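Labels A, B, C and D are assigned to the chains in the order they are written; within every chain, residues are numbered from 1.
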Amino acid sequence: MTAQDLDALYQEIILDHYKHPHGKGLREADPDHSAEVHHVNPTCGDEVTLRVHLADGVVEDVSYDSVGCSISQASASVLHDLVVGKSVDEAMAIHQEFLTLMQGKGTVEPDEDVLEDGIAFAGVAKFPARVKCALLSWMAWKDATAQVVAGDGDKA
Amino acid sequence: MSLEGLLPELAVIRKDFPILERTLAGGMPLVYLDSANTSQKPQVVIDTMVDHLERHNANIARAMHQLGAESTEAFEAARDKVAAFIGAPERDEVIFTKNASEALNLVANTLAWAGPRRVGEGDEVVITEMEHHSNIVPWQLLTQRTGATLRWFGLTDEGRLDLSNIDQLINERTKVVSLTWVSNMLGTINPIAEITRKAHAVGAIVVVDASQAAPQLPIDLAAMPADERPDLVAFTGHKVVGPTGIGVLWGSRAVLDELPPFLGGGEMIETVRMEGSTYAGIPHKFEAGTPPIVEAIGLGAAVDYLGHVGMDAIHRHEQAITAYALEGLQSVKGLTVLGPLDAASRGGAISFELDGVHPHDIAQVLDSRGVAVRAGHHCAKPAHARFGVQSSTRMSSYLYTEPREIDALVEALEYTRSYFKLD
Amino acid sequence: MSLEGLLPELAVIRKDFPILERTLAGGMPLVYLDSANTSQKPQVVIDTMVDHLERHNANIARAMHQLGAESTEAFEAARDKVAAFIGAPERDEVIFTKNASEALNLVANTLAWAGPRRVGEGDEVVITEMEHHSNIVPWQLLTQRTGATLRWFGLTDEGRLDLSNIDQLINERTKVVSLTWVSNMLGTINPIAEITRKAHAVGAIVVVDASQAAPQLPIDLAAMPADERPDLVAFTGHKVVGPTGIGVLWGSRAVLDELPPFLGGGEMIETVRMEGSTYAGIPHKFEAGTPPIVEAIGLGAAVDYLGHVGMDAIHRHEQAITAYALEGLQSVKGLTVLGPLDAASRGGAISFELDGVHPHDIAQVLDSRGVAVRAGHHCAKPAHARFGVQSSTRMSSYLYTEPREIDALVEALEYTRSYFKLD
Amino acid sequence: MTAQDLDALYQEIILDHYKHPHGKGLREADPDHSAEVHHVNPTCGDEVTLRVHLADGVVEDVSYDSVGCSISQASASVLHDLVVGKSVDEAMAIHQEFLTLMQGKGTVEPDEDVLEDGIAFAGVAKFPARVKCALLSWMAWKDATAQVVAGDGDKA
């Protein structure tokens, strides 16, 4: 990659989220409506422990503890911003949008209205080795959310 | 000489294979009729490997620099190509091994250890009498080691599977049925769909050795009805114009997920602590260590090449050559073909006996005329024993084989008869 | 820039490796410092493989035509070359596998099944905390599956084996001690002779992972006193300037004869009947199926190449570069090297941390300057955990590395610090 | 190989022994002074069952049943001619001479006084794939002989 690509990858927004992550730390949550997952990136060992708390179909909180590179840390922070307070359906749609962006090999134009700071990850999509970093917490979130939904279903 | 069904661009295709220009001792041109043993390689496969080694070589997955990204991308693109070649329902169901033998052993070895498919005492594994040793010995080892029972289909005099006792053989104790799609000795094409249906009906999994099928039959796994689709399919790179050192195990995600790990090490893990480890998902779970990277990339180029020529066209070509060869061979006095005589329902490997001359001696005389065939048991001793012979001579063609090479074989066989002073 | 101990013909050697001429994105020349991950290939290795594929390709052993004889001869000559490279007491003790991981698994897997060396309940297997995952997971699988106990040597803060409890660890219950010769993360060179002596004294066998040793240390097994000579040694082709898809397991005939077969299939048999089979002697017993033929031949050319340069000279070169790199790296503010700091007693892989920047980010910035290093856990998670880090950045040199490439690395690290706005 | 090589391989002597093998067939022997072995060539499947009968340090008989190519059949016949009636030591020396010839890759000049018809195998030594054929019965003979000698030793 060139110096220019480097700057496309490490957008200021990403470095800001990295240095000042939003919502980091694991918070207590009502055990009936929450789930915790632990995901790792087997290639590099980056890890995230992530808790999702849902209430009445709304994402009440996403709290997480993680070790990893700037991309993986910043993307957890952006995830927190984007999904907390949204309905599960809306949040899943945002997840899908982010996934599409990341898997687009740099050809997908991100929608700022949906992805907000997440558009800064458009540059990451060009680096296959880093896509996994950006998706680590997002995949963990989806997994945890599915678990809560399934658990709630059991009780219904 | 032009036969119905030959590849229209045969002369051009032959030019793609540099070895076909080789002359042998005594100035003899090469007549290569040993493709069921290993196929020759087109220039594009060799060039792709060279380009990788000279310009993109790096380890994969773990390396995140530019060379690493290029290498990883080429390796994973090869997986996509192989998945397309066999119509795999999912690309991650394609596992790279070192050859077909490792692929078959991977299955037989892991079935000993854990999981819902585990084979134990009282269980039965069914194979056939026409299997290659690589689809016999792994199952002998598994059943001996676990106390299970090995059973097998016998063969008819014509060289087909004897299915008369299929309902006894495949029963509620059967855990695995493993069989070859196309026999490397007899050429027989087996009724995979029918046997798979029976096996699935009793809850057994089906393993298909496609080592001889992949080179010559179009395969579309996704298009098969689920109850007729085998659960695991193995083939080997060097028989589909790819390099040695690479093989393929395709397995349905459901069954692969049920198998415990095979080899342990780098790339197949999720996390490792001294006290214990967790494993990655497929395909990586079964790809421990640095995989055969340049070999997978070469295989990708190989199946692309076959795809461009067209597997339907290759299959027609093989059938045309096989029919022509069956006819030519049977014109030789004292020659008996082992296996089906109908070219339309068989593969292109033709094993035969010649009264009064041992296969080794035949192969030797043929070699002095530049004609390369195989002599021996072709790693199928039980099938030879079934026909009361200890070895045979085998010719096998491929997409680059011309009718005049069959003529050369027939002439060389006549010469063999005269050399050994048969009437 | 000229250092004491560098290869005298370094410029000429670099010309042998075509990839070193590569320019990367943005016109950056390649600075390849990831050789412990995989080494680059000299032209002679590539050309040898091409010549084989274009002119001599055939299956081996079983093929008795001219191409088959040529291929078999080249393949077996490669075995001779590898045997010479490691000073194997007998050439038939050299077994070709697909990589080091398969070689290690071969041993761990067969020890579960049969024979006097069988590992069972109550037995102990000893490894170390600095092993590559490929020398951890196979032993976890073995001990979990057989009810044996896995134990391990810890590490000192300096990154050496903690031998203080060696007499408790290696005891009369110990059946196997398996350890790396040179650590791929810490660079540490382990006292193989001493540990082997202790293990042999209690009747245990010793398995040595020489994946990082074979590229840089002269190895002469035959010259080792018998009680200090490991019983089994594994290494991998792609780290000794050979191709992927090929690895080596050397084992003493005595121990190899005691192990049951690993993979079953063609070539590893003596005779096969449906009811049961008998097996060939070494090396074939452990080489089921068509082996990685062109890969073995490529490896033969590779070890020949290293032999011509001279392993003593290569070792000196590595030491010189390593000393220079240790010095350069430590000049970077906030950088900590993991592992021994004395170049004379370590290998050429140097892992480090840089305060305030994650290894992935370091590697990415380095890559934008053409400098290729590895970031992550290097398949040595437990060793990272031991030092309380989750990942690190690793540079690794080889016989083609120049001091100016170390300079480029150091400069790029300084640039990384400024890019991430560290003071 | 060329047509000329072919003739070097298939010497008339070899073809004669092949068509009219000497000593073929398994014969009864005193069980205290004999041993039977079964050897196969794993590559091609050629097989020999061979019985050795020793008496007072002399090779009384070598009888065999075999399936194989002309080279392996002829070499069993020549073996029979060369070792029957010789002392075990002499026979072992002949064995060594034959082995040296076969492993010489065509560079060893055979001694007709020792090897008699066996010199016809000089041409075989040039064909690595066929050397195993020529040695099959010789290796079986050595194995069986060693067994009888060891067995006799036990009784002594």
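Note that contacts are C-beta pairs under 8 Å (C-beta built on N, C-alpha and C of every residue); 3 or more make two chains touch, one makes a residue touch a chain.
What you see is a predicted model; the values in this text were computed from it and never measured.
Student: Could you see whether C-D or B-D has the larger number of C-beta contact pairs?
Tutor: More contacting C-beta pairs are found at B-D.
Student: Round to the nearest whole Å and give the separation of the Cα centres of chain A and chain B.
Tutor: Result: the chain centres lie 44 Å from each other.
Student: If you average the CA atoms of chain B and of chain D, how far apart do the two points sit, in angstrom?
Tutor: Their C-alpha centroids are separated by 37 Å.
Student: How many angstrom lie between the centres of chain A and chain D, each centre taken as the mean Cα position?
Tutor: 76
Student: Can you pull out the residues of chain D that are in contact with at least two other chains?
Tutor: Counting only residues that touch two or more other chains, chain D contributes 1, 43-45, 127, 130.
Student: Would you give the residues of chain B that are in contact with at least 2 other chains, written as numbers and ranges?
Tutor: Where chain B meets two or more other chains at a single residue, that happens at 25, 62, 64, 66, 68, 267, 269, 271, 360, 364, 367, 375-376, 381.
Student: Treating touching as the only link between chains, describe the layout with one word: line, ring, star, complete or other.
Tutor: Shape = other; not a path, cycle, star or full graph.
Student: Could you run through all the chain pairs that touch each other?
Tutor: Touching chain pairs, listed by label, are A-B, A-C, B-C, B-D, C-D.
Student: Can you name the residues of chain A that touch chain C in the complex?
Tutor: Chain A residues touching chain C: 1-6, 9-10, 15, 43-47, 67-71, 127, 130, 133.
Student: Touching chain A in the complex: which residues of chain C?
Tutor: 25-26, 28, 358-361, 364-365, 367-368, 375-377, 381, 384, 390-391, 419-420
Student: Residue numbers of chain B touching chain C in their complex, please.
Tutor: 18-19, 22, 24-25, 30, 32, 34, 37-38, 40-41, 45-46, 49-50, 53-59, 62-68, 98-102, 104-105, 108-109, 113-114, 129, 132-138, 140-141, 144-145, 150, 152, 236, 238, 243-247, 261-269, 271-274, 276-277, 288-295, 360, 363-364, 366-367, 371-376, 378-379, 381-382, 385
Student: Given the complex with chain C, which residues does chain D contribute to the contact?
Tutor: 1, 40, 42-45, 127-130
Student: In the complex, go through chain C and note every residue touching chain D.
Tutor: It comes out as residues 61-62, 64, 66, 68-69, 72-73, 267, 269-271, 280, 284.
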